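Presented below are the structures under discussion, each in the form of structure tokens.
After this come two complexes, each holding subunit A, first together with subunit B and then together with subunit C.
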Partner chain A sequence: MKLRIDRLSRSFVFLFLLSALVTSLAACGPAASPTPSSVTLTFYYPVAVPGPITQIIDGYIAKFEQQNPNIKVNAVLSGGYPDTLTKIETTIKGGGTPPDVAVMLSTDLYSLVDSNAIQPLDDYINTAGGSSFTSDFYPAFLANSNYQGHIWSLPFQRSTPVLYYNKDMFQAAGLDPSHGPANFAEMVADAQKLTKTDASGNTTTWGLEISSDGIPYWLFQSFVIGGGTNVVGSAPNQVMFNTPQVAQALQDFADLSTKDKVMPTGILQWANMPNDFVNGKAAMIWHSSGSLTNILKQAKFNVGVSYTVGEKGYGAPTGGGNIYMLKGIPADHQAAAWKFIQFMTSTDIQADWSINTGYIPGRKSSMDTQAMKDYIAKTPQAAVAPQGLQYAGAELAAHDNAQIQKALGDAVQAVLTGKSTPADALAAAQQQADQILSAFKN
Partner chain B sequence: MRLRPRTPDTRTERRFRIGAAALPYLLIAPTLLFVAVFTLFPAIRVFYDSLFLQNQAVQEPQFTGFGNYAALFQDPTFHQVIINTVIYVFATVPLSVFLALVLALLLNQKLRALGLYRLAFFYPTILPMVSAATIWLFMYTPGYGLVNVFIEFFHIQSQNWLGDPNLALIALIILGIWKQTGYFMIFYLAGLQGLPHDIFEAASLDGASAIQSARYLTFPLLAGTTLFVTTIAVVNAFETVDQIYIMTGGGPNNATSMLLFNLWQTLFSFLDNGKASAISVILIAVLLIFTVTNFLYTERRGSYE
Partner chain C sequence: MNKNPKPDRSRRPFRFTPKSISNALGLIVLAVIAVGWAIPMLWALAVSVHPPDEPLSAANLWFGSHPTLTNYAQAFQIAPFAQYYVNTIIIVFGILVVQLVTISLAGYAFARFQFRGQNILFFLILLQLMVPSSALIVPNYSTIRQLHLFDTLLAVMLPFFGSAFGTFLMRQTFRTVPRDLDDAARMDGANWLQTLWYVYIPPARPAMIAFALSSISFHWNDFLWPLVVTNSTSSRPLTVGLAVFTQLGEIGAQWPLVTAGTIIVVGPLLLLFLIFQRQFIESFLHSGLK
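Entry: the complex of A and B
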């Protein structure tokens, strides 16, 4: 018996040592690289719009690898935007190796700088021509790239909200189908003409649907920017929620269902909007310009695209993802990563990406490519969102961005569901944001 | 075990005894190691982390004592989260346990197509919660969702179930009950079929009515099952997260945010490690108190099973 126990414990010790050895060997396993001269980059990208995104991205990577035989790109579909950010932040916190290049929200900038996750691109941009390189990008899209005197990212898959309208319904209601409403009052008047009820008083077609789940602050910013102001402060530790203009914008949003009766009450879901629109349940919707391709594919009527509006006229925030280079990657990876970033933000790729998804090209020159001209000749609606960038304002971005955006989003939802007045809800959101941002010096 | 060798050598004797005493510990060592590594260590670590500020503003952990807890208890959103969780627990646990018992009693009768009924009520259990939530998301769609079509048949106005703060939590409660009742029903069915026949025969000979024999025989005899399913129901309620993520994102205006979802959001969306750790500790404490109370109660009261 004793002997057996001894043997048992000895084999335990042996097993323990063996497993320790295996673990330590495994830990140094994946460090080996294929050949000394070639570099393998890891690229994280989220999918935020419907369509065969993976196939398109893989196509670009094949093309890039063909042009750069010594660089391999390992593209990783990293879920949605929040998943991508979470994966990268947790990898860095846990001491792991982040990807070399990643597409993340342009508004993630401050969070990424705060957690020391990304590196500025200035040096590379300067060698590529400096301001002559950046001047081709839309200024509205570069608004969320500058911080502390550096450029941290380049526009990759950008969008703005646009107003989609059913031209056939416009015609039937006696409205001019050649253009959408020019301001909030016109939009309400149009929507009232478009709203249809059946004999028993149930609404069969709503004049307008604007979603308010998920990230309600985003479409709300269209009301604010269209009202001639914005919620974004002059520094990333400031926000401007509690102003009379913002309160008016929020009142307008809520009035659409309570007073004007052109929109269903309560919180509407982002994912339901395109369905409601293509099925004729809603005559107008606000949605991402990135949904254009999908809506055109499904709609069996003439689709008009116009700009979102506020009290004073057209206005919209920008949105979507930029391409970032992560910090702490080896020097040879950095050079290769920059090549890849340049390739993905190049005129031709941005044009092709736009045609295939509906995202707005990051570069103005993409609009002048033959491929884009042919596409717009076929689908004139695609030209609307890029032209609308002249009315676009910055998307809400600050330190601790997820919490700040949620503070404003909660205020929007509280008012839309009748739980609070605009003034009270915005004052509470401002107070909450001020408290969070007081921890940041600039 | 073989008989002890009768030898006068006391040193060998003692060494042998120590060896024998160590054997049980050696045998539970692998399990203990597993529990220590995957349960005890993380629990202690999460408590340790909850004493530090670590978030977007404070990247390097900074000792704060119970600062994270104080911040949580001053946060109106967290109050809302606690209230939502309590409502959810007190709605889903009694209702699904009661419904499960009723279904089990009904399906314990001799019915035609009995298997089909049992399957129908059990099938929500087989679905992963994510799929179930996606199905219910469609069913709750305003205007043309199945639930609205159904209530409109009774001339009740179509509701925006998930977009109305007064209805959203109720909508999640309904899904929760639908999802787990069939599972509890199976335990009750098993319990019912294990009940001794002779007692019921004796009772009916003595003139006990159906209600009396249910009240004084069936329910007390099923007390062990009830305790078991109640425990599972409570733990399920506290662990509600998938359907919130899929269906409401905690909205509208935090009306459906519950403890585990709030924990997920605090950690993975707000990247606030300190506060998320504090929420974890609260969650662990609540579940631990419940489990210990439950255990002591069962031990004291004993079970019929």
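Entry: the complex of A and C
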């Protein structure tokens, strides 16, 4: 400790010399002082999709500031989702003022409440019309917003896994290209017809590719939800990994490569899936609905979009980020922050954000806007994911969420690489999760 | 540089001697390693000029149908790289200049002065080498906030003005300087600062260059700390700009765009190294660091 002070004080001597240089070279922080009646909000947002995100956000903010002349918004690009969380946690732990509004994963809810970082939006929602206000949001997207009887966040940039299929290959294989498989058995049957091998027995086209790296629990949840159940417990201190239905879903996932032989074995890379699909190496893939724009841009064939499936039919989790109001911000910021949240989740902005990025709008009414109708007329595939939300279930979220998601993801990978059986892997994951969550039992 | 005529080896017939064979083997191994290092860079260069709407595939892995600069144009349009360049250069060289001053003073003190607590202080500095800088983010942030420096270039630089590694390196280097030279300088009436400047710094130059290299490349690539302590474009470095292209968890990598962004960020550093390669390598050889 003594050392650090010592070195610091020494550094100060040079600091003075250097600061003269630095301040002359660079503008030292935001200098514009707002007029007394006005409020300057800080808004953190992560990037998760390609494109000129900052320009789009800046455009929204210009519009918002025009409508609210005494509110200024300082929009800060905060890296990826984990970086955003680190930045905010560092600020809070270091005694600083957090941003007023931030976009974070919808599944971060419990961790954020546990660390006392966010505040509920109920009062504002009630003044805005209560349930008539929330009813326009897709219920599947609000599933990760409720906790302890409060609503903590609103959907901002949301997504869901969908099944992309090559319509030309469907046609060639004698399948109906107007729709994708309706359940797991159909998907396997389709994939078997679509899998092609050359004379020497090497597979040239796989019927199906489902990634199992990065966030393996996510696509696995499609199997589970499509099987009529979910891994999410009834409370955030509970998960349901170790059930026969979940084991069956994991067996199905593994069977695709080992028994049905329609998918390559091992861990398939998330980032490679769209490439394999547009190159014709895979006839069907499961991927985020947010990949649509990119896939359509590169594919030289007719692309179909359908829903991911499990044993009993369609099913998928949701994904992506919600917009939160942080705790500990000045009182006069809170009303302004709510205005901004309302604006960013409004029908028109959500429609525009969806068209520009590929996210699903958080509101149903966004689908009825003229801009969205024009877009869907050009890109009918974009209408599929929002319709699929009726089959969607909650994404895995609990206290200490990153560890819980990892426990399930590890189980999925252990089975797919043949290191474990579904029953054993899931029992181990459940035990691990129970241990983590035991700290949160009342 | 070498004026002496080199022995002309090409005229000598090649003989299979144990030495020539081991030399040839060594060259082959080096070539394989060199190619292994170069391939990712070359691939990144090639993919960065790949048309963005053509898929990357085994048959179409390199340039695509025609090389294009679209990805670069798009990358520059998405992130304000020009401003980020200025910031990164100020940050990296600002840190380096201060570090060179602090580490040579501290290294000199540890190498040649006797004072109470010297060993404990030096031990603490060595201990700092073991602490990853990411573990200090919260306390560092707290300091920056109390100094009201949040969101300034100075905030990005401040925690790195001292360097445990640099202090250690300079101490070791200065200790190799013969005491007699020091004594002679004193005899001629030089004070400690003059002694440091005229006696110790010149032979330590290779070590300082080696340190400068590691410092520059570390701070050029640092991401998390600048991201945490800055909010505005005017104080953010290149790596934060690159994050716009690499953090696409949900969508998967857009390789042409990612590689274009990467080339923009590492290009100047790479060029700098290629230009000064000879000096760098010589300095490493002299300082005994590999």
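The rule we apply is simple: the second predicted complex is superposed on the first by the 408 of 442 C-alpha atoms of A that agree within 3 Å, B and C clash if a C-alpha of one lies under 4 Å from a C-alpha of the other, contacts with A are read in each partner's own complex, and residues count from 1 in each chain.
Note that a residue touches a chain if its C-beta (ideal position, glycine included) is under 8 Å from a C-beta of that chain, and two chains touch if they have at least 3 such contacts.
Being a predicted model, the structure only gives us computed values, none of them experimental.
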Task = Could you tell me if A:H287 is touching subunit B, subunit C, both of them or neither one (first, second, both, neither)?
result = second
Request  = Identify the partner contact of A:N116: answer first if only subunit B is touched, second if only subunit C is, both if each is, neither if none is.
outcome  = first
Task = Answer with first, second, both or neither: which of subunit B and subunit C does A:G95 touch in the superposed model?
result = second
Message = Taking the superposition on A as described, I'd like to know which of subunit B and subunit C A:T86 touches: first, second, both or neither.
response = both
Request  = Considering only the touch criterion stated at the top, classify A:I267 as touching first (subunit B), second (subunit C), both, or neither.
outcome  = first
Message = One more residue to check, A:K419. First (subunit B), second (subunit C), both or neither?
response = first
Message = Tell me which touches more residues of subunit A here: subunit C or subunit B.
response = C
Request  = State whether A:D213 touches subunit B only (first), subunit C only (second), both chains, or neither.
outcome  = first
Inquiry  = Per the contact definition in the header, classify A:Q403: touching subunit B only (first), subunit C only (second), both, or neither.
reply    = first
Inquiry  = If I apply the document's touch criterion, which positions on subunit A are contacted by subunit B in one structure and by subunit C in the other?
reply    = 2, 8, 86, 90, 93, 214, 272, 281
Contact footprint of subunit A on subunit C as seen in their complex = 52-57, 77-79, 86-87, 90, 94, 97-98, 101-102, 105-106, 121, 124-125, 128, 137-139, 141-142, 145, 150-154, 157-158, 161-162, 223-224, 227-228, 231-232, 234-235, 240, 243-245, 247-254, 257
Message = Under the stated contact criterion, what part of subunit A meets subunit B in this complex?
response = 1-2, 5, 8-9, 12, 82, 86, 89-90, 93, 111, 114-116, 202, 212-214, 264-269, 272, 276, 281, 399-400, 402-403, 410, 413-414, 416-417, 419, 439-440
Residues on subunit A engaged by subunit C in the complex (per definition of touch) = 2-3, 6-8, 10-11, 14-15, 18-19, 21-23, 25-30, 42, 46-55, 74, 76-81, 83, 86-87, 90-91, 93-96, 159, 214-215, 270-275, 278-279, 281, 287-288, 290-291, 294, 297-299, 319-320, 358
Key: Footprint of subunit A on subunit B - complex, ascending   = 1-2, 15-16, 19-20, 22-23, 26, 29, 55-59, 77, 141-144, 158, 160, 162-165, 248-249, 251-254, 268-271, 273
